[in-house]
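Across the two complexes that follow, chain A remains constant while its partner is chain B and subsequently chain C.
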Partner chain A sequence: MKELIENLKNEIIESLNLEDVTPDQIEADTPLFVEGLGLDSIDALELIVLLEKKYGLKIDTAEEGKRILYSVRTIAENIIRSRNP
Partner chain B sequence: MKESLHISNYCLIRNSHLITGQDHFFAGKETAFPDFIKETYRHFNIGYPKFFKMDNLSKLGFLAAELLLKDRDLNLDYGKDGTGIILANASASLDTDRIYQASIADRSNYFPSPSVFVYTLPNIVMGEISIRHKLFGENAFFIKQTFDPVFMVEYVKHLFENQIVACCITGWVEMDSERYEAVLFLVEKTGPLNNGIAIFDVRNVDDIYCLKL
Partner chain C sequence: MSICIKGTGIVSPQKTFHDGGFPDEVVEYRGIRYLKCIEPPYREYIDPMTGRRMSRIVRMGICAAKKCLQDAHVTMPDAIITGTGLGCIEDTEKFLTSVIRNGERLLNPTPFIQSTHNTISSAIALSIKCHSYNSTYVHRGFSFENALRDGIMFLHENPDSNVLVGGLDEITDHSYLIMSRMGFWKRKPIDNLALLEYGDRGSVPGEGVSFFMLGNRTDDDRNCVRIRASDILYKPQSEEYITLKLQQFLAGQDAGGIKPDLLLFGLNGDPRSDSIYHNIHNILFRDCNLAYYKHLCGEYDTSVTFALWLATMILRHQQVPDVIKLKAFEPGEINNILIYNHVHGINHSFMLITRC
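After this line comes the complex of A and B, so read on.
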């Protein structure tokens, strides 16, 4: 879990072009949207593409998206769950 | 009698150099556009993280507008609807269109990037400038084969004469692979230019565009 969280932090920084953000600045439990990193709706779409491409994790509904993309930890938990259904 | 319009500031970016009508000058060490524009952003301490998410065309226009409007608040002077943005270029959003096209070329690895797709229109650069400076006035983006000062001056004058704008950001923002140039003008009825106010006419506009950098 810890390694996955660290990988996700780096991938989020790279795919969302968060140039001035370092992995240490991203807390695993801090909300990614509005507060925290202050990501927007395009970032959400980019994250959905990243998760499907890299981890095969599909997000089908907006409600599911809100729940899964809440924080780095919720993303990691859902990736692990999708691997062990 | 028609009032004269003035160029109260300008910003020209070309060949890894930037110059404004208010004596800002920057000669980049980097020659590749992505490196040069990032270097310029850091040199002027812009502090707008969304800059890094923009495509190259938007980065170019955005940065030129930042320097054009340095120390100015057009909302304070003209209200949120008073300032128009009229831009043009030759290559539209082709630079980003190519990147997007490449990302969807392989049907077996089909993951189109939403953040690239949103920049596959040239007028998005005006949106980025408008968001940054909270400008809600008239805007239009034209595709012309070459920089056309005659068209630009006539079009902007028409907007002033018909009281559609009280101030206008206008110019040329061209980006195609490694070929890029931006020249933006701030046009007002009066304006403070340190080096003397220039009348907004075809000759002055063309003279500024032709400055060697």
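After this line comes the complex of A and C, so read on.
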């Protein structure tokens, strides 16, 4: 889990081109959108593509998206859950 | 139609992104296949969080536009109008490559969103919170000319307005290769300052982003330069026809006609397209000073904007850089500059630029 969280932080920074952000600055439980990292709806689309491509994690509905993409930890938990259904 | 150029902002392969006239130092590129822009300090003009999704041409566009606003002392334009031949071609390539690689599935949204031709004018509007008229013209070698025409019409309808008009194009490896196969570019690497000495077919491609703040009047008469007239010719039937149209263009500007003090022609090192420039110089303007500019910026659909910026600097500062002088050079006051450019022999344009 810890290793997956660290990998996710690096991948989020790279795919969203967050030049001024380091992995240490992203807390696993901090919200990614709006008040947290300040990501927006286009970032959400980029993350959906990233997670499906890299981890096979599919997000089918907006509600599911809100829940899964809430923080790095919720993403990691859902990736692990999708691997061990 | 005389329209005032109140300010400029330009990013080019030369060190042009600064305050003042033509740069003191000319950048020489040796053994190159194309000319790329010297990029401005983005962080001074674009918030990193906002700029992270922007491609190079969008960033350069925002910087040039903001520089132009500063130069013109205008905080909010009444219209933003751009012209581009290929638009955001880098993002278009990214998107299409990803379509092919991923079998039309799992496509990243950013390159798609940013790949449209009007991305730059929209990004400028968003960055300065401008909710006014916004338009982009994509007409290959006439893209800037038509944007300019729209800007002039806007000023006729809204005489007290400030209109931000720009021309921009970028070069990428893919577009270079495709157009090389079509025979547009020289086969071997070249030195840009020796562009006219090679004698073989093809030119050198380039890129650039230029913005001009247009208005009917200015508060700063010392720096005022006017676009007195402009015209375009699409696929003219012969050199004689172009010569006739150019004569009529100049004769139509004044009762006695206008004799330009300087000709700024779009010679690009390809003998197939340069002969018309030499012939027109010999027939109509044998004793007139002739200068060229594409060895500094390369050939692209909106390269005429580099000439317009250059003409503006020459008229403002009354200095003709040695590096652009070609024929019959005599020192003297320069009040009128004739720009004549054509793109691949298809899109021909004339502009008469004068001091106020």
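Convention: the second predicted complex is superposed on the first by the 85 of 85 C-alpha atoms of A that agree within 3 Å, B and C clash if a C-alpha of one lies under 4 Å from a C-alpha of the other, contacts with A are read in each partner's own complex, and residues count from 1 in each chain.
Throughout what follows, contacts are C-beta pairs under 8 Å (C-beta built on N, C-alpha and C of every residue); 3 or more make two chains touch, one makes a residue touch a chain.
The model shown is predicted, which means the values in this text are computed figures rather than measured ones.
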| item | value |
| --- | --- |
| First, second, both or neither for A:1, with chain B first and chain C second | neither |
| Touching partner for A:80 - first (chain B), second (chain C), both, neither | neither |
| First, second, both or neither for A:19, with chain B first and chain C second | both |
| Shared contact residues on chain A - chain B and chain C | 16-20, 42, 45-46, 49, 52-53 |
| Residues of chain A touching chain C in the complex | 16-20, 38, 42, 45-46, 49, 52-53 |
| Complex contacts: residues of chain A adjacent to chain B | 16-21, 42-43, 45-46, 49, 52-53 |
| Chain A partner contacts - residues on chain C that touch it in the complex | 48-49, 52-53, 102, 106-110, 113 |
| Of chain B, residues touching chain A in the complex | 38, 49, 52-53, 111-115, 118 |
